[in-house]
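One chain, chain A, appears in both complexes that follow, with chain B as partner in the first and chain C in the second.
Here is the complex of A and B:
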């Protein structure tokens, strides 16, 4: 789509795009090119000299058990975050779409966690689950569950999943609510007249019609779990215990900033770039095609 | 509502109430902890009713920070957060609206090239270029500065798209009339486009305010000086060790301060917030 009426000026349009383009070149493209360049380099222990090693950094990564483990951890983490985030918010949105009284109040009270920074969400839940003083830990102990995420890997994973889902529910909820409100009432009424029960109406009419929203949210939630949960991890488990919550993004940061392994970290960055590109393409294709049954 | 099913309505309310409570529970415990003394929190279980240390805890964090971890005062951290939360959205809106104007209302060589350059930044989040970006900032002497905290984050593909989409819906007759009347492009931009874009800008501002306020990885990388910490970074820096070693009452007071401004923005400007959220994701 193009405008029919345009203005003419030899210099003005360039001046208008200049600030944005300058920032993208200096802070996006130049660093990205450097990340690719570093990923082909090997630095000595003091960072004084580096030599070109081709794909050696990548080969080393795929032989590194920790890196492959981090892939598995990230996959598990994002599946759990996306599944629970979507399931819980779909349930809440379906209920909020049904009720007449208090719908606005419920909405207001459910969307505020969107405003909480991931790192703060992590700290809140880490406090609730703190091994010796946490209130939830105390209740769990009463039930005979020994909860200590500082030592136990699966419980640490549980903690970061809960904190990440808690923060993301509000976002999913709003999109599902908007999706539900655009389902034509006449379809539901027709099904009701034919005697379809509410659960049946939901699974055979509403849920299929919501599939574009669900696919969209699936991609968004996976992107969220891959990248935006950095704050949750850094403020709570820092990838531990062991490697239990060391997701890819955290590993890039840890290897690059804390362990100062420039080549290895840059190679990981390049792999992450490919993942982002794949996810972005998926997002745009789903949005364009409007997946429907 | 299609039919009257009292038990289902009851169930809906029950589920929603449960959801609201589950979502609010961490906030409540955080608030209670921020009004207790450290000794009260350390006794398991901690009281679930607010204590009397509210004024002490908040005045301590606002003026002096924690004693064991970061000593940055929350008052200065809140100012830093506010700078990020204001400069980033205003900067994003400013540079995006003019680049969208150029791309929609002019024909010039490299137009689509610039458009795609802006688009590709979507695929280069900070997380995938951590170290090189840090080096650029260090080389430019922008570590521990407001410019370093904000300028690299104001490039925005989503905002540019949003304005582009919006400009495409504006009738051509407006631009034509402006041209016939001899108005310059900038005159048309300021007198016609900007007033029409107000709602889009408001929606974008709310979303980007929260984005700016909640930045984490970026300030974590480029602020080493306590006086430049943002509130979210400050909370992280107050955590010094495993659970019992922390001054949880002070951490929780700071957490409340960190959550309050963006939560208020979301709840009070709900209309703009929802509009912004739904439209920026299109």
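Here is the complex of A and C:
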């Protein structure tokens, strides 16, 4: 008995996917092509004069030591955000999965932060950690920690990582929770009868079975750290102090939107696009091999 | 019969709605939020109530860079407002956009509205006037940077609260006493680049850039790594190390540090007064910014910040007539005095300044007058009439990044300022190439 739906019509399937394709073209491909086109041009802010300059925008970027430094900052930032985002949400999901009473309330509360806009998340954390009036700063001072991210680069990095991770934990949590619920109870119970301790059960049974989810989240979180975090940065450090939190996507935003330098900003976004494509391909080629479906 | 009635109804409808249709709308995009936005709407309402032909419609479009970006995007899409409020650092970008803007002088001349550039404060108009003396944009809200002290903290440290430090030497001496008296934060600043590079240069009559700070052409270069600049930033860096100077951030974060009483001395915009008056639970005074007394000719005059109103291109002639009428309305002394006394921005015409003085407003609020006095301390020179650097939004960010590198101890003042000049010049060259 064939259970799949089979379309006999020649055009119907295309008509059904057409809206999706149209949206993808208008909102993803068209802007991407435009970014590539602008990246070869030198324009004034109002687009009154534009000239084709070939690879000059790219050459200018790679000559700039600060831009190259920004790659290192971005790499550090992305690794921290992806690692902590995944690790903390996995921990929370395993805890929430074992809660018997009020599980729904825990889950709802943990999912809430996802509804918060990145800029709002940034402001929230910036207030908590504000150098002179922040509550956390006050507590840290009591412990003898001199907290001042306005001038200390590593603390500024810490702040934007915390804000970005907090924002993303809910999303990761949802996927992990769903993943955990599909792990067969019988396997865990069998292991328990064999005398395996809870950590042992987790690392040898649950974690490998969760690997497709973890892999998916790794890709999504890296993309999130690369593209979606400029709101957090803009609301808190604005790339400073110095260039300590000036990640690639924030520089794209600053140069393009705030400073109206379209050519330079487009060139940066093209570079960023290639990095993320390369990273995603690499993840599928090398990391996915370790995934057990 | 019915047709006749209908025709009559149509005719009368046409007759009565005629004047309403003829009212020309003038769109004005601005960045004045909160109380300032209310004051701005008040100006528009007054203009609209005073005549029937034109209607000015102000729209708040977010922060300065946001409204500018919105207007640029609208212009590229073939629409956009008639009037756009642009902050001072966007001036060179607007000026270079010939075709996207119409000079105020031209609009006023075409509409035959009375307009005399000499009626305006020279430091204010200089900023927005081209080499040939044409005023390009209308100076709307102009501020400058002032030096504030917490008199209570001065008293506590055994200092004379009525003698605010005049020179940087005196600032350091006072700072040491304040620190010794247990003051946590001694001196802080808002807008570090605007205060310690841009206004610092004008106040000491040294160039910020070649070619008259960029007024003389797009082939300008930054000159902020002179020995005097290095000396000043090194001094701040030393103060920072000794705990006499607390870095607060790139924008107006210093304001709250002073108004909360945390810091005893502070340099910030004239616009900071409203917040200090509201939140400050202490006696304070507003003063001229300090200078280095070993520099010949200092102090010169300070330069403005704030924004001007640009008239965008591609609109209908009758709309420009309305724009001209509105600009003439904004220039009247009564309106200028209302705006000046209500918001704390400096008056832009000499007549409005005189009128405010005669009204006795400055007896109650000496700080308001001090700003005008500081701006007109001496006749502006090529170094002190303002600055005009292409894409200074990026340029200022570079300066601020390098200053942060000094205050965080990552770089020496000389190296940081050299790098600021090098990186800043690359931005200027890029702008020059794009606007040739």
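The rule is simple: the second predicted complex is superposed on the first by the 229 of 293 C-alpha atoms of A that agree within 3 Å, B and C clash if a C-alpha of one lies under 4 Å from a C-alpha of the other, contacts with A are read in each partner's own complex, and residues count from 1 in each chain.
Rule of thumb we're sticking to: contacts are C-beta pairs under 8 Å (C-beta built on N, C-alpha and C of every residue); 3 or more make two chains touch, one makes a residue touch a chain.
As the structure is a prediction and not an experimental result, all values here were calculated from the model.
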May I ask you to decide whether A:132 touches chain B, chain C, both, or neither, giving the answer as first, second, both or neither? both
Exercise for review: Using the touch definition from the top, say if A:152 reaches chain B (first), chain C (second), both or neither.
Suggested key: second
In this superposition, the partner of chain A with more touched residues, chain B or chain C, is B
Does the superposition put A:91 against chain B (first), chain C (second), both, or neither?
first
*asked:* Between chain B and chain C, whom does A:238 touch in the aligned arrangement: first, second, both, or neither?
replied: second
* To do: Once the structures are superposed on A, label A:179 by its partner contacts, choosing first (chain B), second (chain C), both or neither.
  => neither
Message = Quick check on the superposed pair: does A:43 touch chain B, chain C, both, or neither? Answer first, second, both or neither.
response = second
Look at A:60 in the shared chain and tell me whether it touches chain B only, chain C only, both, or neither; answer first, second, both or neither. second
| request: Return first, second, both or neither, reflecting whether A:257 touches chain B, chain C, both chains, or no partner chain. | output: both
So the chain A residues that chain B and chain C both touch are 131-133, 150, 257
Listed in rising order, chain A residues that touch chain B in their complex are 1, 3-9, 12-14, 16-17, 19-21, 23-32, 34-35, 38, 88, 91-92, 95-96, 98-100, 102, 106-121, 123-128, 130-135, 137-139, 150, 166, 169-171, 174-175, 178, 185, 188-189, 192, 198, 216, 220, 227, 230-231, 234-235, 249, 252-253, 256-257, 262, 265-266, 269-270, 272-273, 276-277, 280, 287
In the complex, chain B touches chain A at residues 1-3, 5, 8-9, 11-13, 15-16, 19-20, 23-24, 26-27, 29-30, 33, 41-42, 44-46, 48, 94-96, 98-99, 101-108, 111, 114, 117-118, 120-125, 127-136, 151-152, 154-156, 160, 167-168, 172, 175-176, 179, 185-186, 188, 210, 213-217, 220-221, 232, 235-236, 239, 242-244, 248, 251-252, 255, 258-259, 262-263, 265-267, 270, 273-274, 277-278, 281-282
The chain A residues in contact with chain C across the complex are 42-49, 60, 64, 66, 131-133, 150-153, 238-243, 246, 254-255, 257-261, 263-264
Residue set of chain C touching chain A in the complex reads 65, 68-69, 72, 75-76, 93, 96-100, 185, 247-250, 253, 256-257, 260, 262, 391, 393-394, 397, 400-402, 404-405, 407-408, 410, 423, 426, 430, 433-436
